[in-house]
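Shown below is the structure under consideration.
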Amino acid sequence: MFLEAATSGFFLAATYAIAAFGLVIVFGVLDILNFAHGALLVLSAYLASSLIIGGVPYWIALVGIVAVMALAGMGLERTIFRRVEGEVIAGLVVSIGIIAIVDTAILRFWGPEPRTLPRLVEGSVSVGSATLPVDRLLIIAVVAVVLVLAQVALTRSRWGKVLRATAQQQDAASLQGIPVDRVKTVAFGIGTALAALAGVVIASTVTFDTHLGESLVIKSFIVIIIGGVGSTTGAMVGASILGFAEAFGSAYFGVAVAQLIPLIALAAVLLVRPHGIFGRRLERV
Amino acid sequence: MGVLAIAERRSTSSATGKDLRRAAPIVLPLVLLVLPLVTSSPQHHSWVAASLLWSLWVASLNIVWGYVGLLSVAQLALGAIAAYWVAILGARTDTNLGVLVVVGVLLSMVASVLLGAVSTRLKGFYFTIITIAFALTVSTILMNWDVAGRTTGLMFLRSEIPVIHLGPYELIATTTEGFYVLTAIVFVLANAIAALVLYSRAGRAMRAVRDDPQLARSLGFSPAAIRTLAFALSGALAGVAGILHAYSFQLVVPELFAIDQALLAVMLIVLAGLGNVWAPVIAGIIYLLLYQVAPIDGDLRAGLLGLVVILVILLLPRGIVDAVPAWRRAWAHRAASHSEEASA
Amino acid sequence: MANRSHPRSRDLRLAGLGMTIMVLLLGLTACASDSGDEGGELRIAAVLPLTGPAAEIGAAWKAGIEIAEDVINDNGGLTIDGNKVDIKVKIVDDESTPAGAQRVIQELLNEDYQLFFGPSTSANFQTAFATLKDDERRLVLSPAQAAEPFLTTGGRLFKTQPSQSPEALAGFAQQFADYLKPETVAILQPQDPGGDGVAQNLAKGFEEAGVDVVYNNQVPADTRDFLPIVSAIRNTDPDLVITPYLDSVGGPFLQQAAQVGYVDTKFANYGGSSAQVAEAPQISEFTYMLATRAPDNPDDEVLAEFRAAYEEKFGHAPKPIDTYALMVYDPILMLAQAVEDAGTSTDIAAIAEALREVTDWKGKALPFSFDEKGLIQLETMQLATLRDGETTYTDFVP
Amino acid sequence: MTDTIPILSVQNVTKTFGGIAAVSDVSFDVQSGTICGLVGPNGAGKTTLVNVLSGFEPSTSGQVRLGERSLFGWSATRRARAGLVRTFQHAHTFGSMRVGEALAAASVPPRGTGVRALFPSRDRQEITDRVGKVLQFLQLTRWEHALCGDLPYGVKKRLGIGLSLVTEPKVLLLDEPAAGLNTVETTGLVEMLRKLRSTGITILVIEHSMPLIRSVCDSMVVLDHGVKIHEGPPEVVLTDERVIGAYLGRR
């Protein structure tokens, strides 16, 4: 039981982390909390289901959708989010609107039935008494690699430095000749791409429908607040806390408890350390 | 304009027009009370009653978000507290309904004030996310609490509302028309209160604190105290809305007060004009047209609303900018980027 | 604030508002009640969740009603004291929300419908019925679990889905116990009214039947990760696992159970269908108890007429979820029968009385009758067991 | 120094951020009805000192007295109500209000939770008069119905002072009132400060522009690296070579 719960914990952590990672990048650069992150994620899941059921090989579908969603994200930034940039609340409201639209679109095109995709890999491995599904282990690995790469890219690569520079000091960045506007667009693209990646990954593991978006994005919000807004490391730590808390909660204490754990964790963090575990201090007003 | 305008009435003559304009949001809703004379169709009464409930939610949200600038997604959850209180004790004790309602409203008020206390620690979206968490907590508890009827909820029958004597007129809320009149009266009062608050010194203080807390403090305003006042008012309003909401469906279930409903209130208020005295009325009209009258598929309504919200924010931020001056910067920013494109 | 924008624009806003209100009032008066009972047809209103969370089941209910309508009209309609009339069912969408239910009920009352089917989901039913219950001129059939507390002797409400009273579910638990012979059972249900009923009362039933309930938990309907729950259940090592009654929850649960190789215990279900194991073929034994009969069983001659009508209308065989269609199909036929017997389409009391006394009507997909309180009494129910690809159907008397 | 009680007295005030002292052990008095200039190069701790005096930041040690009252532990709100009002270097206004409205609001900040403020105040006429006076005094009359958010920078700064004046303060802390103003506006400012002094308001003004200091201040205090390096009448202080060194050295 422990190992299964742990696997589940890792899996949840991975999904939350990758969803939150995108949110953080977008927030860092544009000061926008994209509430529609989850909706875009679910949209990618639905696209994936159509492609894969349509006979497109999984990996091609994955790459294709991630690419498309990245472009879509850039489009959104150019057309919509740019206008409310720096206005977190305005951004929230806009993204609420986007959620409504995306959900409606999904219901129109795909209908309300929950959808399932053929497994990525069948089968499971036994470790002692525990039996662990291979595909989840695989996905955990993939996500872990992606996150590590992303983190490295963010801290080491030139682009990463540019991103972080823009996030920290926009004026300074533009003075150094960084094309801030383009950076923002790309950042939003990356964020959406990560959402898409998360979406396709989840789609191939669990049954999904439009509700998945809302619950995931709220969880991701909680994650980035716990971890500290604007900190990718924090996002990953927060995701792990939440993922494991839920997995072990529902394994050992029942579901109701597991539902409350994230909320309690959030309250605790906000009261003890409002700026989150890895967050920079908040300015008090 | 408040105090100033009143003084100007003595001096300048043009002030009367202004006062009319300011009286309108308080007086005009009285039109609602003549509706029963215009139409006797229960369908129309229930249409407008349902819409007025959303006007009430928006009025409550307008005080915290519009007046003091803190977006709360917890208003419906706050209302749920009052509604469930009345439902649970109404079913198990024979306490006087009036007492239950008053205490219920006070409970929502207290909860709201406590929630507001968080806002002295956490600003902006941090506060918003706290309210999300609060709403989730409430619904999770309700769904797992046998006394609250878990997911089945509890009945909340109008037939338990006693006949209310308004002078010669007897208000029997059991009928659709009676319930409509009750809702209309409550709304007219609530709306008038909300409007008067906005015009009062406290209202200006709220806007002062919203616009620039630092400056407000430097001039002797106490942001914490003023926010507390706003939260108390909006909490009480939410409590009233919650109880009426439950009576309208004659039922309390968690889904009536869920987050998606709160998001609907957010979209409505954004369209109606955040911080606008008219917001509740306009929001009610939008709801009436889109959710009651318009013969369109259920799953289209939300999408349509979302689309309009985005268009409003992008194309006429002034429509909602009223309460959020910073959005004008977004507008300016946009204008700037345009001119750049032009020059380039 | 209004005083924020320029005075002129504010005047405009005011004017606009005033006009909107006037337009509305005019509109309201204009489209005032356009009721009027077209002679020559029996009007029935069906309130179903065609959009929103419950839309999938709503579609099945809709199918059932449409088929019933066709069957009746193709057989020449009804004879109400001498003259032939067609049956005309108006199907409206309550959007799976109480708000929607409230709106459409008012709409239907405005058109003066007297015979109602639904609303079919609990919250929506409670909202709608609160409006209908004191109205002598309305008769309501609904499958909603929340209808049960409202049933009264000689009343005008009829519940078309089997009771979830402790006694009833105790019976089903006994049935499972006799049929599957478990010593310990684990129960998982979705967090909704139906799930509440099953989780609480079925558990009681098992205890009474001497079966030890080792796990009993409810999950939110949008739960996606069942692995920890699977392992928690597996940890208690029950002989029998009762899966969520909703296929949309039970399916994922079984699928993930199969993933981790938890397939060799017995899985059973009350209210679900074979759809649950569609994604989990490795499950060695899955039994589901149907209040109706399995509509996806090609060899069931009782359902032959229904299946034929269904295929004719929709061009494909009934799906497992169409067990819900069956739950509407017959009650509608029966209602029509009752109207014929009562010889009136307006005297609700007479129709209600007749409905209680109906013993024989067209269709007969499921033999049942309504008791004095208007609660459906099934003469037979069905247990279907999937074992290594083979499905065996067993009828039993509840 | 005179033996009358100074209206504002700063006693050994120290403010440290994470060990680094932004202001260390600064003491000086401001006599009632005078204008005192607080000067020093960038980073000398001038604004920090104003924040401490106005209660926006707690002092690490030392205390501030307003008349004979010690303001120890008083919140900014309370200090403002006691008559110690500050302005901001960057023009702060209530963006969503019209000028007249903002002034009216500032003239009667509700007390406590302000429940009483929900009801019309009794002293409307007085408020109108106050607002009218300030509008006159700062020549803001023509802007009365303009939105604060739309005002030109110079006017915004003037309104900033107006907002503090309408509260009828005893002591006014002006944080770089001339910053960002053109020469015309600056001379206007000098005039205004003189008039204010004549109405008996005590002013502590932080300023960079020496001409302004020289022309209006009765006394001045020079800070460098958070330490007071000189105090006295301008003509004396400004000839002191340490001051010139500290000051011009970094120019």
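When the chains are written out, they are named A, B, C and D in that same order, and each has its own residue count from 1.
Criterion: contacts are C-beta pairs under 8 Å (C-beta built on N, C-alpha and C of every residue); 3 or more make two chains touch, one makes a residue touch a chain.
Small disclaimer: the values here were computed from a predicted structure and weren't measured.
Listing every chain that touches chain A and chain B alike gives C. The chain with its Cα centroid farthest from the Cα centroid of chain B is D.
For the pairs A-C and B-C, the count of C-beta pairs in contact is higher at B-C.
Comparing each chain's Cα centroid with the centroid of every protein Cα atom identifies chain B as the most central.
Chain C and chain D have Cα centroids separated by 73 Å.
Per-chain CA centroids place chain B at a distance of 35 Å from chain C. A straight line joining the Cα centres of chain A and chain D is 48 Å long.
The residues of chain D that reach two or more other chains are 96, 98, 101, listed in rising order. Under the contact definition stated at the top, the residues of chain B that touch 2 or more other chains are 1, 144, 207, 214, 275, 299, 322-323.
Across the assembly, chain A contributes residues 107, 256, 259 that each touch 2 or more other chains. Partner chain D is touched in their complex by these residues of chain B: 1-4, 6-8, 196-197, 200-202, 204-205, 207-208, 210-212, 214-222, 225-226, 228-229, 232, 275, 322-323, 325, 328.
Per the touch definition, chain D reaches chain B in the complex via residues 54, 56, 75-77, 80-81, 85-88, 92-98, 100-102, 104-106, 108-110, 112-115, 117-121, 124-125, 127-128, 131, 149, 160, 163-164, 167. Partner chain C is touched in their complex by these residues of chain B: 1, 21, 24-25, 28, 31, 35, 38-44, 46-47, 50, 143-144, 150-153, 155, 157-159, 176, 198, 207, 248-251, 253, 255-256, 273, 275-278, 281-282, 285, 288, 291-293, 297-299, 318, 321-323.
Those residues of chain B whose C-beta lies close enough to touch chain A in the complex are 71, 118, 121-126, 128-130, 132-133, 136-137, 140, 144, 213-214, 223, 259-260, 263, 266-267, 270, 299-300, 302-307, 309-310, 313-314, 317, 324, 326-327, 329-330, 333-334, 337. By the touch rule above, chain A contacts chain B in their complex via residues 33, 80, 82-90, 92-94, 96-101, 103-105, 107-108, 181, 214, 218, 221-222, 225, 256, 259-260, 263, 266-267, 270-271, 274, 282, 284-285.
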